[in-house]
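Let me begin by handing over the structure; questions about it come next.
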Amino acid sequence: MKSYRKELWFNAPTRRAFINITPQIEGCLRESGIGEGLVLVNAMHITASVFINDDEAGLHHDYEIWLERLAPHEPVSQYRHNVGEDNADAHMKRQIMGREVVVAITGGKLDLGPWEQVFYGEFDGRRKKRVLVKIIGE
Amino acid sequence: MKSYRKELWFNAPTRRAFINITPQIEGCLRESGIGEGLVLVNAMHITASVFINDDEAGLHHDYEIWLERLAPHEPVSQYRHNVGEDNADAHMKRQIMGREVVVAITGGKLDLGPWEQVFYGEFDGRRKKRVLVKIIGE
Amino acid sequence: MKSYRKELWFNAPTRRAFINITPQIEGCLRESGIGEGLVLVNAMHITASVFINDDEAGLHHDYEIWLERLAPHEPVSQYRHNVGEDNADAHMKRQIMGREVVVAITGGKLDLGPWEQVFYGEFDGRRKKRVLVKIIGE
């Protein structure tokens, strides 16, 4: 069994952002030399997500509105976590969108469906944050 | 390390459906001959889910009502994604229910709790769509 | 490839609870002797979650309020599942918080970000329930 590990760093200029990281994951996979296995891609921070969905700007706009409706940022005082913080909503948005994805590796490629793209979802940006890519296989 | 891959195809006759796919996953596992490892089961489409919960019709009805409340299908015009599409809500419902499950394999069996069943969750059906089963182990 | 399996048992005295299980997972990892690989940690029950977030009491209070708003326990009669049961809401809360996490193992340690802690999330407690820890790697 082979294993591979890499950290990807992000610094979103806005509080919230969706960044397509599929090309970086493909780069990691090539670097790993692994042909069959699984890749785990997870946010290492608890106010961010890694998820798989469509790379379509209208949908990302809809997600932004929808997540704000389900877990509003304001008023920040509604959350007990927000003592010296203002990111309680980000901890909630991340639970809906998820921490991680596991993707199959087949024949040296990410085994994704036709529209599947891997995203970093930032809900409390304007700081450096990391994603972990861990691959195991052969 | 051994690996195994199979696609399962579905064509739900309705927009939304929950289909118990545990027997198919068990069939894949037998076919793989893998006794210890992990199985990844994921929707290959971004308006569908794979999740684990109870095979109980009342609960599935409740899920349907609940998901519609959290991410309503109509009015379709409320979503910017719905330009030539009407499935933005399906992209949201799928995030709540999840893209994938990872299940342990122990002694050649799916290592599930007493009530755990694996479901394909369709939120934009009436077309052919796929689930990926990838098993690694020994 | 090596594999390791352990069940962790819980009996929360309240209907809902968040229990930090990171030390138990670390104990399992040491016991396994696995240095590189993946650990799957999943609830074996369908009204409970395993998730990763912050070990901060204010946030856990906020999660409790938030989950109750998204999937209210009462009136129990609003759910068709609640025939001889009163836990339909727990099946919903668990979908939002997730069934499982997969964590990378690197150099014999859980490869977690600085604030990442693994939690058992109970939504229908006051009974004995289990979490499965499955590790594969070398």
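Every chain is named by a letter (A, B and C) in the order it is written, and numbering of its residues begins at 1.
What we mean here is this: a residue touches a chain if its C-beta (ideal position, glycine included) is under 8 Å from a C-beta of that chain, and two chains touch if they have at least 3 such contacts.
A quick note: this is a predicted structure, and the numbers were derived from the prediction, not measured.
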item: Magnitude of the superposing rotation for subunit A and subunit B (Cα, nearest 5°); value: 120
item: Type of subunit A:subunit C copy interface by residue overlap (half), same or different; value: different
item: Subunit A and subunit C: spacing of chain centres that average the CA atoms, whole Å; value: 20
item: Subunit B: positions in contact with at least two other chains; value: 1, 38, 70, 96, 98, 102, 136
item: Complex contacts: residues of subunit C adjacent to subunit A; value: 1, 36-38, 51-54, 56, 58-59, 61-63, 66, 70, 96-98, 101-104, 106, 111-116, 136-138
item: Contact footprint of subunit A on subunit B as seen in their complex; value: 1, 3, 5, 38, 40, 42-46, 70-71, 79-83, 88, 91-92, 94-96, 98-100, 102, 130, 132, 134, 136
